[in-house]
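Two complexes follow with chain A in common, the first pairing it with chain B and the second with chain C.
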Partner chain A sequence: MSLLWCDKYRPKDFSKLDYHKDQGMALKSLTKDGDFPHLLVYGPMGAGKKTRIMCLLRELYGPGVERLRSEVMNFTTPSNKKLEISTVSSNYHLEVNPSDVGIYDRVVIMNIIKNVAQTQQLDVNGQKAFKIIVLTDVDSLTKDAQHALRRTMEKYIATCRLILCATSTSRVIPAVRSRCLCIRVPAPTTEEVVKIIVETASSEDVDFPKKLAERIAVMSERNLRRALLMSEACKVESDGKLTPDQNIAEADWLVMIRETARLILAEQSIAQLKKVRENLFELICRGIPSEIIFKYLLDQLLEQCQLGLAAEILENAAIYEHQMIRGNKEIFHFEAFVAKCMYLYQNVLEEMKCDF
Partner chain B sequence: MQSFLKSGKLGPANVDKGPSTSKTPKKSKIVPWVEKYRPQTVNDVVEQNEVVSVLEQCIAGADLPNLLFYGPPGTGKTSTILAAAKQLFGNIYRERILELNASDERGIQIIRDKVKSFSQLTASGTRPDGKPCPPFKIVILDEADSMTHAAQAALRRTMEKETKTTRFCLICNYVSRIIEPLTSRCSKFRFKSLNESMINERLRLICKEEGILCEEDTLKTLVEASGGDMRRAITCLQSCSKLHGTGVPINIETVLEVTGIVPQKWLTDFIEVCKKGNNMNAVEFVKKFGCEAYSASQFLEQFNDFLVTTNTFNDKQKAIIGEKLGVSILSAIISRYLKQFFQSVNYFVQDGGSEYIQLCSLAASVIIACNS
Partner chain C sequence: MKKVSKSWKSFDFGPDKISPKRTKSPNDHMDTFLVEQKFIAKSHSKDSFFDFFSDLIPKTTSDLAVHSKKIEEVKVCLERILSYDNTSFLVLSGPTGCGKTATLNVLCKEMGVSISEWINPIDQDFELVRGPNQVNRFLEFISTESNYTSLFEVSAVKKIVLVEDFPNVFVRNNSEFADILEECYYKSRYPIVFICTEVANNKNNLMYNLFPQEVLTKYQITHISFNSCAPTLLKNCLRRAHDLIKKNKDYFQVPSPDTVDAILSSSMGDIRCAVNQYYFASLLGSKEMPTEKSFRVKPSAKRKRNEKSCNIKIMAKDETLGLFHALGRILNPKRKEHGKSWRLNCDLENLITELESQPENVISFLFANYIKYFGDFSELQEASDLISLSQKFFEKWSETRDLHQYPLWISVMGLMIWNSHKVSKWNQIEGPKKFKKNILRTKETLCTLDEFYINIIRKNHNNS
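After this line comes the complex of A and B, so read on.
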């Protein structure tokens, strides 16, 4: 089978989880009497939120939930705009990412949930009386859509349960939070990541050096999915012979962001700003989410800039990042931030020159 | 097709669970406690004395004004009006109320068609069984603060014209989002945040009814964490008992986990790291904090509480940090230290800013404060 490691060795059962075992057991006891409240599962990327949700579904409904089909649903907004959204569903659950349709996510929530929730199960004794809707990326839902969730969640609780999946609860409105059981999924520790990499490799008959696994674990920032992808890439690159200090391929966009940061600090001029702009544009065009570009660009700037500017850069980053999220043309805010950084940097340089 | 029919049923392993419960008990089992223990009569509503007395008079026969309920979540706004409607209309209450909430389409068109036509119908002064009941219907607009201004404006005249047959009840969290002409047409009632002892009492009652073992201390932690939100407290209690299974007493760790409170250790560590004064270390710390998946807004709230009471910082340092946190209490006390920028991390985080960057910037200003 040509599955990726991270999919092939994804645990399918609570008992097979590698970390957070207590939490797994708690979730299992949650499903024991066949009923549970709405859930809000939150944690950083690659911490295993989805794995736990799938385990939970399997625990509830048996292997039937793995028979998935994907469907495209059509909606019409009140303003007669036609929308399409793809969903993944089994006989027991439906998975959808409403933020795919941008600001129209409220329509999706209203239609899908009401559709599912208003259908009652005919044979209550043979199967569960409720279906499950899994909503991913809840933190990027608009406020309107989240408000739409509130009363719906209460009203249709007999026929439908929601599992919300988010990276952080800060952006979920308190009204929705208070209606859910919140489940925190922290990222695995570095040691756990190392252990999982080595174990996965050994079940693939690959001898994985522990040193290399440690380096990968640190580089992946405790993101298990990324760590497994990186180790698989290492294995493919090395033709079966892995060495502890071999080169770990870094993502192209990371290299590019580092280069961009270097450009910003190398020279402060309009011409340079233009070059930086080209780089940033390239990154955005390649589909790297702007929040991620911002985060890594900031990291690189802080790392490469040694003049004690960190506090000021951080403060400006906080302002510009927030504006970027509110606005809808990322490139402007990136440029503004870059220009501001250049200005700050130049000021400090000139002050130093004066001192001489 | 075959596979579809087959998969419609559960596997044999789970079948034995089903028949053991008959249809009716299963139905009642699914009701969450929040619904189960919703106040049934207006008298059951705790703390909100003004509105209760108005509604009681109305039930006794007086006229009902248009109502506007506002207040923080979980204080019983929706419960109150639903209980009142049930008491007023008895078993025909479903015909007499029109409940619209944020999940319904509530554009200007719906106000013009659905609400208007509903409110124009006349209601009789007697029930089908001959008992008297008030001769009007109630339109409940739940979560009215998420209605568009155009839709709210469309309500204005309708509200006045149909006073003979219809009363309106608007429910919202923030009264400032309701347009002035509407608020002036309603009698406003503010729902107070609930007293801790009230929540405690209610939770104890539920514990007794459901047979849950819970220590007094644990209950107290739960109530404190709920911040005056009854619904949150009850949901937490149910979640805790679910996670534990029946018969096992609930412990404090579970309560902390379910409510998502950030352990005190992280707060003290954060201050420690900031005191050392190295920005890069602070950034590292924030990264680590992010991996633990605690909510940044919760962290900020707790950090604020900590800041107000702590002796680690002097007033000026507190002002600098508090300003960054966007905390009005602090800046009000020591406003003379207010600096030029008014930027609040808390607002930024809730408004969608990246937690990582915002927390880093908070750390940076804490470092500045430490050095000043």
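After this line comes the complex of A and C, so read on.
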């Protein structure tokens, strides 16, 4: 199977980065002494956080870090529940997303760090004295897990370094934030995205129209990974001939969210609410993060609803989104929000009828 | 805590006068009591006080307030286990007062089988003397002593061992019981019958703890489960009591039919409870029992209900609600007028306590079903808002359960108060949706959001 563009042309070295070059250099000099503090890398999706982390690892350990293997680790919770989590690791580092196991993430964090940290490197002179653990989606960790993290971070600093990866620091507890060097990776500008798409395409011997690249850059919301995937999808769908005004396929989940928003405004009834609930269930089951569903649903609602309800909808969205993040069971909050929107919309419609 | 007298064991039908025959065991353990149960049809002489309870003990299968099919099932099973050479086990389970023990006793009597029963010894001296512990004694009883026929039995060819009074250790320590079963399976000669009372709480549920499925299959244990007594059967039983009372008008008064109805409705299928209440009501000099008229159900064209249903105010058995029953109450709230306003016609405190053990589960169930029960959209909207609010308490990281009753209160009250246009048609209760997020982690950079594009690319690669 051939590699995807976004994997194939991913910069492997700080010198090959396409943007944020100063930051790249700063990171490079950080590792000059062969050591570095715990890192917290944050920034929007597709901005290149992982790329920079891999560059850093390569800088430290050489090309050996690219020999990756994925394995499934097993854990047992204190209540005897068996957990499975898949990890990606090389000889020098281990990458894991503890939030995959939901509320049991604390167990995973404690066990993994202990396992890695307690094994000393054999040849201290030949290698670094520490291993690296990369934890992704730190912002979706439970508070319990974050507190566990802060303890283990201090305890095992001699044998392991942590690189945390998050979309935003707002949900990382201050205690963890202060123990790390925070590095923000902003999304590339539209021009940078366009440039990268065109360059990548030309090294694949594809003549990519600039107009199309611009459209993709806007549509992907400066998410470079998605932009590259979109470009590649356009290429394979167009049978070799790319045109500037070509149709760019829209992700199915986005279509589904738009449809859901349409359903909400089309009819306000209990039966309709049920349909909306099923749609939302499916989206959640697909693994779309609930914050993203909420964001796009709100966007779509505001776009489609023309009755001057924007302020009220936004107000409610803020309330329910906050509740969703604080509590669990996303679907409850989605439904409450949808019901509220339907109710508001219905009221406005009825008032208008009375006016006539 | 531990009781040893016969009167305790047979409090199925209250205190009776038959003193238990205690056979001194061949070994010299004073405190292991082997109670040989005997049914003595008591012919009461004039001078002896008439004994209501002993006369009421069912003597034939037709007297039992248990469904005839169930009796047949137990009978067939008993015959089968008696015909085996080696040990076999039988487990009877059911709620309190549904006639488990009575059925067994009557059947054994009819089949000429004697029963020897284990009863927890009262060992007040235990702390001082440090005798063998209860488990060892239990084991000894079951594996050794039960193998000897009683000295008092003339020719008891067949015998079963009954365990109803489980040693208390087993309630906490289930594995120990499994060991004992293992040992008995090889040692004991007679079939062993266990009787377990089912309780709502899984923690104390002996059936659930001591006889899990793997144990049942391992030792080929037959399990017969009893349901609580049906109202018609209960009525028959009370009729028998009624006849008895009529014959002995010197000592008793005949309770009014209203009281009998009230007893029937408030005993919740528990014969023991019903008979005790009946006895109480029929005592000479006692006044009409205070009854509590419950909400008048309007006689509808479709269903014929009793025009009034009343419950006995005191001495009634606690009402136990299953999860589904409780869900029904919440989803179909009933209101009563209260001046110009209204109140919920429901004992909320009780309802919540009933559900407290599994708040998250209950709320999931409510969420899965509440939509169907609402008739008005604005009300639905308010209710869903409250359910959403209640979820705030189940914070992802909090495992402290102290707070968990508040979300329950919020969501239950929210649903009940806001639902006025309730939909009266029958709705099936659905289980909460179980879903698992399918997240892939591979070596490549993958994000579920971008999977769509990857699929397009891969599909085209495969085609070409």
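Here is the rule we go by: the second predicted complex is superposed on the first by the 342 of 356 C-alpha atoms of A that agree within 3 Å, B and C clash if a C-alpha of one lies under 4 Å from a C-alpha of the other, contacts with A are read in each partner's own complex, and residues count from 1 in each chain.
The working rule: a contact is a pair of C-beta atoms (placed from the backbone, for glycine too) under 8 Å apart; a residue touches a chain by one contact, two chains touch by 3 or more.
For clarity, every value in this text was computed on a predicted model and none was experimentally measured.
Asks: Kindly say whether there is room for both chain B and chain C on chain A in the superposition, answering fit or clash.
Replies: Aligned through their shared chain, the two binders fit side by side on chain A.
Asks: Is A:G287 touching the first partner chain B, the second partner chain C, both, or neither of them?
Replies: In the superposed model, A:G287 contacts chain C only, not chain B.
Asks: With chain A as the corner point, what is the angle to chain B and chain C based on their C-alpha centres after superposing, as a multiple of 10 degrees?
Replies: 80
Asks: Of the two partner chains, chain B (first) and chain C (second), which one does A:Q304 touch, if any: first, second, both, or neither?
Replies: Once the two structures are laid over each other on A, A:Q304 reaches no partner at all.
Asks: Counting only touches as set out at the top, which of chain B and chain C does A:R326 meet: first, second, both, neither?
Replies: Both partners, chain B and chain C.
Asks: Of the two partner chains, chain B (first) and chain C (second), which one does A:D144 touch, if any: first, second, both, or neither?
Replies: The answer is both, since A:D144 touches chain B and chain C.
Asks: Would you check which partner chain A:I157 touches, where first means chain B only, second means chain C only, and both and neither mean what they say?
Replies: Touch partner of A:I157: chain B, not chain C.
Asks: Going by the contact rule set out at the top, does A:L314 touch chain B (first), chain C (second), both, or neither?
Replies: The first partner, chain B, only.
Asks: Now for A:Q268: first (chain B), second (chain C), both, or neither, which partner does it touch?
Replies: second
Asks: Have a look at where A:S202 lands relative to chain B and chain C in the superposition and call it first, second, both or neither.
Replies: In the superposition, A:S202 contacts neither chain B nor chain C.
Asks: Look at the superposition and give the distance in whole angstrom between the closest pair of CA atoms, one from chain B and one from chain C.
Replies: Nearest C-alpha atoms of the two chains are 7 Å apart.
Asks: Let me check the overlay on chain A: which residues of chain A are in contact with chain B and also with chain C?
Replies: 143-144, 326
Asks: Can you check the complex and tell me which residues of chain B touch chain A?
Replies: Touch list, chain B to chain A: 3-4, 7-11, 13-15, 17-19, 21, 23, 26-27, 29-32, 34-35, 73-74, 101-105, 107, 109, 142-143, 146, 173, 229, 231-232, 235, 238-239, 242-245, 257-260, 279-280, 283, 287, 290-298, 343, 345, 348-358, 360-361, 363-365, 367-368.
Asks: Quick one: which bits of chain A touch chain B in the complex? Just the residue numbers, please.
Replies: Of all residues in chain A, those touching chain B are 26, 29-30, 32-37, 42-44, 47, 61-64, 67, 78, 90-91, 109-110, 113-114, 124-130, 143-144, 147-152, 154-155, 157-158, 168-171, 174-175, 177-182, 184-187, 221-222, 291, 294-295, 298-299, 302-303, 310-311, 314-315, 317-319, 321-322, 325-326.
Asks: Which chain C residues qualify as touching chain A in the complex?
Replies: Counting only chain C, the residues touching chain A are 364, 367, 371-372, 374-375, 377-378, 380-381, 384-385, 387-389, 391-397, 399, 433, 435-439, 441-445, 447-450, 452-454, 456-458, 460-461.
Asks: Which bits of chain A are touching chain C when the two form their complex?
Replies: Within the complex, chain A touches chain C at residues 1-4, 6-7, 10, 45-46, 50, 68-70, 86-88, 97, 100, 103, 142-145, 225-226, 229-230, 232-233, 236-237, 249, 251-253, 268-270, 273-274, 277, 281, 284-289, 292, 320, 323, 326-329, 331-333, 335-337, 339-340, 342-343, 346.
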